[in-house]
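What follows is a pair of complexes built around chain A, which joins chain B in one and chain C in the other.
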Partner chain A sequence: MVTKLKVILTLCFVKIKKIMLAVKKKKSMKEIMTVYYMEAKTAKLSGKKVAWITSGGPVEPLIAMDIIPVYPENHGAMIGASKMGVDLCEKAEEMGYSRDLCSYARSDISCATVNGGPIGGLPKPDMLICCNNICGTVLKWYEIQARYYEVPLFILDTPFCHTEYSEEAKKYVRRQIEEYIAFLEEVCGRKMNYEKMDKVGRLSVEGQRLWQAVLDTATNSPSPITAFDAFFHLALIVTLRGTRIAVDYYKNLLEEMYQKVDKGIGAIPNEHYRLLWDNLPIWYRLRWLSNKFADYGASLVADTYTTAWCGTLKYIDVDNFLDSMAEAYSRIYLNIGIDEMAKNVIEMIDKYNVDGFVIHSNRSCKPYSLGQYDIQKIVQRERDIPCLVIEADMVDERNFSESQIATRIEAFMEMIKEQKGSWSRNSNYTE
Partner chain B sequence: MCVAGIDIGSITSKAAILSDGKIIGTKVTFTGYNAALAGRKVYEDLLDELTIDETSIKKIVSTGYGRNSVDFVDKAVTEIICHGTGAHYLNPHIRSIIDVGGQDSKAMIVDQDGRVKDFVMNDKCAAGTGRFLEVMARALEVDLDSFGLQSLKAERPSKISSICTVFAESEVISLISKGEKRDNIIAGIHESVAARISALAKRVNVRSPIMMTGGVAKNIGVVKALERKLGMSIEVSEYAQSNGAIGAAVMAMKL
Partner chain C sequence: MDVLTEFYEILNDPYAYGQTCRDEKKKKVIGYFCSYTPEEIISAAGAHPMRLFGTRGEIALADQHLQAYSCSLVRGALEEVLNGRLDFLDGTVFPHTCDSIQRLSDVWRLNTNFRFFADIVLPVKLDTDSAKEYMVDVLRKFKRDLKKGLNCRISDEDLNEAIATYNKIRDHLKVIYGLRSKNPGIITGGDVYSIVKVSMIMDRNDLVKKLPELIENLKTRNVSEDRRDRKRVALVGSICDQPDIYSIIEKSGGVVVWDDLCTGSRYFEGIIEIDGDPIVSIAKRYIERQICPAKHVSLTARGDHLVAMANEHDIQGFIFLLLKFCEPHAFDYPYMKEYLEKENIPSMLLEIEDQLPAEGQLLTRFETFMHMF
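Moving on to the complex of A and B:
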């Protein structure tokens, strides 16, 4: 029985190697992600450990320690995109979890018990890494999973940065980074290789810069990329940040975007209006939403969500990665005050030259959705552009009402059109 | 030249016909389960009433939640834009519109040309809408038409704290069993509806002059309570319920 299992696993391993070789040539997102998940699922065979980590957590030390990072939130996005969210959320509710709990948490918790979802459940973790820079929900969620899988949990506590990052906070978080590394060393039974850590840090920064450059191509009109494209391409900067694979992927993508810009090819056929998106994507309705906006010639050229994985580059010193990383991870978009968030939004409005602001009020993600009305007010006061609030949820379709949202989008677009008249950025566009 | 506007709402369907820019008739009927049929029927009924032949209608615009279910119209426009246009047509000075229908409520700001500058809609909930009043009137066995008037007779409005229609209904039932005066309960219900609507209206910063439209505008109790909450007077036109259809007809004129 055991030898049979070994043979099967060895065959799997050979297959992964083959796919990996193929990926070297093609590097499509689907292949990279398939290999990534297969490698994680067969980690035991290669003697590697698997760590589950929150999306805003510092992944670089894991990569440097050769630990495979796995993201329940990325898994949640896959569950949402494959429209399996309602089923899994209902299961969690049957288990006793409140419907008000984040739908990523609900679907992950219930998925673990049935190995369901689009990829038959996540690979089992050897440890959990939880950083609360994104929300407080993850604390309880990871505690639950640590008990369920009976594995050690490391919590990295990042103080909320209303406006500044104090000396105390700096020391506090830096100290925890040391504890984090010590934790990894203990679980793995070997020491951190700081030379490798340095390399991973550099790759992480390079990947983030490339990702930012990709998003920045949206400053062109027409924009070669929309937020909907960014939601798709985002996967690698989240899951494989700090690896060569991510760097190579974004280099190619950037090249592709530059070519589109040179040829004047827009992501949508007729870009008449440019919009900014706020909050997580509505994973199960991406196509519907993108068509709805495209029908009006509206391109969602930028969003506050995908920029979160390169938004703190300014705090990172590549020659002093671990120290500066502590600050960068503390000052991410969801861990700063509302005034700071509004400042970021206004910077994006100016940078990407947008005509309207679309706000997804996400029933699941409280830290992202709290304060949106204030941000809207600030934006309207400072830039006087139309804003639209859409109430929905990123995974739980029960919180999405198609006809209500369609009416709001249509009215919003009619409003922008009326206000702008036949005005358009595309000189060849006449109404 | 004649044009028509058809507003297919969740509970009632409305039609309006303009001739050379003047309203010559409006009509309100119940929508029922078939929105397309309701749109057709209210339009035909109005044509019959006015003894106008369909061929003399040059353009038709539909609006309301059932706007895309009718295929004989020239264009479908959202109720937000139509209410803005309709209110501006009825009174060009209007700067804010609060529309409360059977299933949703919304508030809009318009500029001097009647163009919508900003709007908000209520969330997926019946509280603060016509449906809420309907449920409560039934629980209290009061005719919906006199519901508003009766609320003005209260000495001390009861406190209804639940914002959910279902919970508020049981709150009302427990008030009844406690022997609370019916007028006070009715006034409390109107206060609670007005509180919901004014919160919505304040979110877009409504400013004077304000017009209230939609079926609930016919309810004097809600209008008065809302005026108190906002500290501003509210204009209600005789065409309040047909305002969306009138706006649609005005849009048809521009096609």
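Moving on to the complex of A and C:
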């Protein structure tokens, strides 16, 4: 039995190598992600360790230590996009988890016990890295998985920056970066190679700059990219940040976007209106929403979500990556006060020349959603653009009312049309 | 006047009491929501710390700021401040706990205009040296914020004096819990809850004198009804501002003898050393005290605590009170339930939105539970 398993695993491993070679030429998202997950799933064979890490956590030390990072949140997104969320969420509810809890957490927790979902479950972790810069939910979620898998858990505690990144917090987070590396060294039984860490840091910054550049192409009109595209291309800056693979991928993508811009090709056929999206995607209705807005000639040119993986570049010193990343990871969009979030939103409205603000009020994500109404008020006061609130959930389809949302979108687009008034391109749209 | 009657008078209108503290005692009143609030520092500043709860009224104004999927504490508290009922406050302090309180702090800061406002961004983990040092650092920062915001001085003597008062209060509350656990007949659960609640509202210098009187009275009290044969249960959860729950449990054949509640044992557990740097001592209590599930000390700290509690206080069953939308507690529930099952200790879950379910229905549920053991 064991021998048979070994043969299968070896075959898988050979296949991975082959695909990896192929990827060097093609580099499609699907292939990169397939290789990535296969490599993670056969990590035992290659002797590599697997760490589960939160989406906002510092992955760079893992890459430098040759540890394979795995993202339960990315997995949650895949579960949502493949419409397997309700089934897994219900399973978690049977296990005693309240339906009001985060649907990423619910689906991941139940998936671990049945190896379900689109990829038959995630590879078993050797360690868990939980950074609470995105929410307090991840702390509870990772505690549950640490008990389930009986593996060590490292918590990187990034104090919330309501109005400031205090001196006290700075000292605390910086010390934890050292503790983080010591933890990895202990679990792996070897030392960190700081030269490699430096290289990974540089690649991470390069990747983030490229990702920002990709998103910035949306300042063009028509925009060559929508938030829906960004949700798709996001996977690598989350999972493979700090690697050459991500850098190469975004270089190609940026090139592609520039070509579209040169040719005046928009992401949607008739871009008349430009919108900004707030919060996580509604993974199981991406296409529906994308088409719905496109029908009105509305392009969601930017969003607050995908910029989270490059939004703190201003705090990073590439020559002093580890020190500066402490601050960068502490000051991400979800770890700041809502007045500062509103400031970011207004900057994006101006930067991307946006006509309307679409707010996904996401039952699963309280740090992202509570406070949105105040952000909306600030935006309306400062920029006087229509805002739409969509009540939904990122993975749990039971919280999505299609007809109600369609009606709201219609009313919202009417308002935008009115506000734009005699906008010259409006006449084209009514044709 | 009987001590308990006096307590109930205060609880009948805590806001009027707060106003009196301000007008007559000339104290600044600082509102708070969480058992991680360093009340000692507030008292040492000559101010009056007063715990705030949700609302008894309808929620209307808060709906303009918070989604319906926030808990009733967060929405209710915001409602109270927006409709002006908390105008007697001089300020508010928000220790960091869960995601909802974290955002309530932002919404509060942007929509109210009190003289004083502070976040105390406490560490989330309490089990490492750097987190322990950070805890001390943020408490020192809060002391600075308070001195600046209230324009006052806070000496180590002031702090030690306040700590001594709070130590006495905590000790008295623990004695009351102990007396009830030993002889549940001497006082109702509703009364015990009200004593803990008033302890977070009343002027602590007055309170500390009243509690011993109450304890003496309890010690000599004749047991009107013997509750010793009842099923001994404990409540587990965040806040439970529902005094009626105790009498319904009592009607169902049970009696609450202990708890793990933010408005219960977590409030009074742990004594602060009066030796050395008072801020370090205050931090030490938070590090060592039983945690709220928004904090981390180990993977099984809360489960172990329940099992230890069951042994120490001879608890036959646990009732988990889950405030709807309270994530830290909801995440812990399945494992804690399982943890208790391994020890053959039964438990039940009761989800509460803003009010208790109808009494008849609740009574049936409790009766069914009490028959399990």
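Observations on the model:
In this text, the second predicted complex is superposed on the first by the 422 of 431 C-alpha atoms of A that agree within 3 Å, B and C clash if a C-alpha of one lies under 4 Å from a C-alpha of the other, contacts with A are read in each partner's own complex, and residues count from 1 in each chain.
As a working rule, contacts are C-beta pairs under 8 Å (C-beta built on N, C-alpha and C of every residue); 3 or more make two chains touch, one makes a residue touch a chain.
Everything numeric here is computed off the predicted structure, so don't read it as measured data.
Once the two complexes are laid over each other on the shared chain, residue contacts for A:S46 go to neither chain B nor chain C. In the superposition on chain A, contact is made by A:Y373 with both chain B and chain C. Of the two partner chains, neither chain B nor chain C is touched by A:T113.
By the touch criterion defined above, A:S28 reaches neither chain B nor chain C. Contact with neither chain B nor chain C is seen for A:N193 once the two complexes are overlaid on the shared chain.
In the overlay built on the shared chain, the residue A:N291 is in contact with neither chain B nor chain C. In the superposed pair of complexes, A:N252 makes contact with neither chain B nor chain C. By the touch criterion stated above, A:R408 is placed in contact with chain B alone, chain C being left untouched. Of the two partners, chain B and chain C, it is C that touches more residues of chain A. Overlap of the chain B and chain C interfaces on chain A: residues 373, 391. Of all the residues in chain A, the ones that touch chain C in their complex are 95-98, 100-102, 105, 132, 135-137, 139-141, 143-144, 146-147, 153, 155, 157, 159-160, 162-163, 166, 168-169, 171-172, 175-176, 179, 337-339, 361, 363, 366-367, 369-374, 391.
Looking at the complex, you find that chain C touches chain A at residues 64-67, 69-70, 74, 96-100, 102-107, 109-111, 119, 121, 123-125, 128, 130-131, 133-134, 137-138, 141, 293-294, 296, 299-300, 322, 324-325, 327-328, 330-335, 337, 349, 351. Across the complex, chain B meets chain A through its residues 65, 77-81, 104, 115-121, 123-124, 203. Across the interface of their complex, chain B is touched by residues 373, 380, 386-387, 389, 391, 399, 401, 403-404, 407-408, 410-411, 414-415, 418-419 of chain A.
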